[in-house]
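Everything below concerns the one structure shown next.
Think of it as A, B, C and D in the order they're written, each chain with its own count starting at 1.
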Amino acid sequence: MVMASKLIGVIGAGMCDDSIATIAENVGREIAKRGAILICGGLGGVMQAAARGANKEGGTTIGILPGSRREDANPYIDIAILSAMGHARNAIIAQSSDALIAVNGEYGTLSEIALSLKMGKTVVVLESKWKIDGVIVAKDAREAVEIVFGKISVR
Amino acid sequence: MVMASKLIGVIGAGMCDDSIATIAENVGREIAKRGAILICGGLGGVMQAAARGANKEGGTTIGILPGSRREDANPYIDIAILSAMGHARNAIIAQSSDALIAVNGEYGTLSEIALSLKMGKTVVVLESKWKIDGVIVAKDAREAVEIVFGKISVR
Amino acid sequence: MVMASKLIGVIGAGMCDDSIATIAENVGREIAKRGAILICGGLGGVMQAAARGANKEGGTTIGILPGSRREDANPYIDIAILSAMGHARNAIIAQSSDALIAVNGEYGTLSEIALSLKMGKTVVVLESKWKIDGVIVAKDAREAVEIVFGKISVR
Amino acid sequence: MVMASKLIGVIGAGMCDDSIATIAENVGREIAKRGAILICGGLGGVMQAAARGANKEGGTTIGILPGSRREDANPYIDIAILSAMGHARNAIIAQSSDALIAVNGEYGTLSEIALSLKMGKTVVVLESKWKIDGVIVAKDAREAVEIVFGKISVR
């Protein structure tokens, strides 16, 4: 049972190169080490690397999938929520997260950053290609997670 | 970590009398005893009683809430997914469940039974007020959970 | 421009036999004759027959499609809203309708009837296979539409 | 009946100053003049100004509202679709539009731009505060609408 755990969203593209995957995995590790649950889109790339990191540290991972098949979840997802609503599931990830960390990312990630900011959530970005007012830029995975936990513990 | 666990949906009204609550709590207990995760709408009544039952047996509970506030989840929900999409969240519960158990219920429950059947899921009902072809009628909580696990283990 | 028009939902299965199609087409005709907009799921069967009826009388038809492709709309849909959220779109049809008429139908229809009743909408059924408290049973298309307009004009 | 009409999305913030409203109104006018249907979020600010523009030219306007009450639609919305799913409705607007024009905008608009690009839609921006690769920058309402119609007529 994981009652009262914080949910930290990790968002990023479904495909990524090794250097981005390493950052995402470290983000996942740091989240799990601090006892929070990782929530993400449940697919590959950044989502899979982050879930793998959390998994290695014994953390719990939730994937809010766009489709209707559990098999589409990456192998590090403990709990697959099958939204069957495509991109609209991005709003559920944003809403359900206490705070979010975006690792690099494509348009889907940008939509999630924007929705999260719209909802008043803390959004920390790593290796972002866009300049969006309101996000907090971190230099590495550890700093990103520290910022996030600093913000959510205040509330 | 709860990898590969089955998700069993428990559906029912947000308010219920004591006898229905007792049935729902027993359903929750039986689900947790068998190592499955309970997924529900996260609110009161049947949802709360079922989550309480699972909680007492050390199980994990997920609530797919209609709103955007974690505080609306009943106190036995471990993981609150904030859909912020009202009744449309019923489709997510149905889709995410390996099988579902309906305990009594009002119109919201009926919509969820129908959606689940539409998706080809096993639906077991307890104390149902409607006659719907395709559901399986059980006489008590234990039988309902046994039927559900019999069905999903076959697949 | 169609300002202030009422939206009448017509719900039913995506496949149906000729006698059901005839009823659905008459429902669509009667809705259009009274100057209301027909809203439906946009696909085949009852949805197509109803939209065809409205179309023949010069009415406007809206389809809230489950998918993401306009080509999936039946040829009598004037405005296709692409929800890309599968069965969750049923909640949008129910919510957007001033009142609904169900013609026969399968599980999807049942979910929509239940959601509509949950939202407090008037639901008139024709050739229904279920007995659901709260719906109004009509004997033919004309009576169904008359009941619906009687109810919504009162408000 | 409006069969085969193109749907052009106009996105922007729910509050805006007069100069932005003027641009949005002109965008709405130009869309209606070309016989397309305007689709938007149905609320105030840019959405209202654009719908007013289309309305003045005799065009049809659709609002995909975040809530469940028709009264929340601005007075220039002909057809109000009540999504009752908050920000997730942004995905429906993006998906349903043949192409989109963003006028200025806040985070909600940014999420919609990103979703639209993710879906491969043409997005033309006016008075945008962000630099997003993939959008087309227009200098005024007329140019924005001309670009949009140039793109969708090619397909």
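Going forward, a residue touches a chain if its C-beta (ideal position, glycine included) is under 8 Å from a C-beta of that chain, and two chains touch if they have at least 3 such contacts.
From a predicted model like this one, the values you see are computed outputs, not experimental measurements.
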Which neighbours do chain A and chain B have in common? C, D
Matching interface for A-B, options A-D, C-D or B-C, criterion over half of contact pairs identical, gives C-D
Averaging C-alpha coordinates per chain, one finds the centres of chain A and chain D separated by a number of Å equal to 30
Chain B and chain D have mean C-alpha positions lying a whole-number Å distance apart equal to 40
Which parts of chain D, given as residue numbers and ranges, touch two or more other chains? 68, 83-88, 91-92, 95, 119
Help me check something: in the complex, which residues belonging to chain A touch chain B? 1-3, 5, 7, 37, 55, 58-60, 62, 64, 68, 78-85, 91-92, 95-96, 119
Enumerate the contact residues on chain B facing chain C in the complex. 85-88, 90-92, 94-95, 106-108, 110-112, 114-115, 117-119, 129-134
As the complex stands, chain D meets chain B at residues 68, 83-88
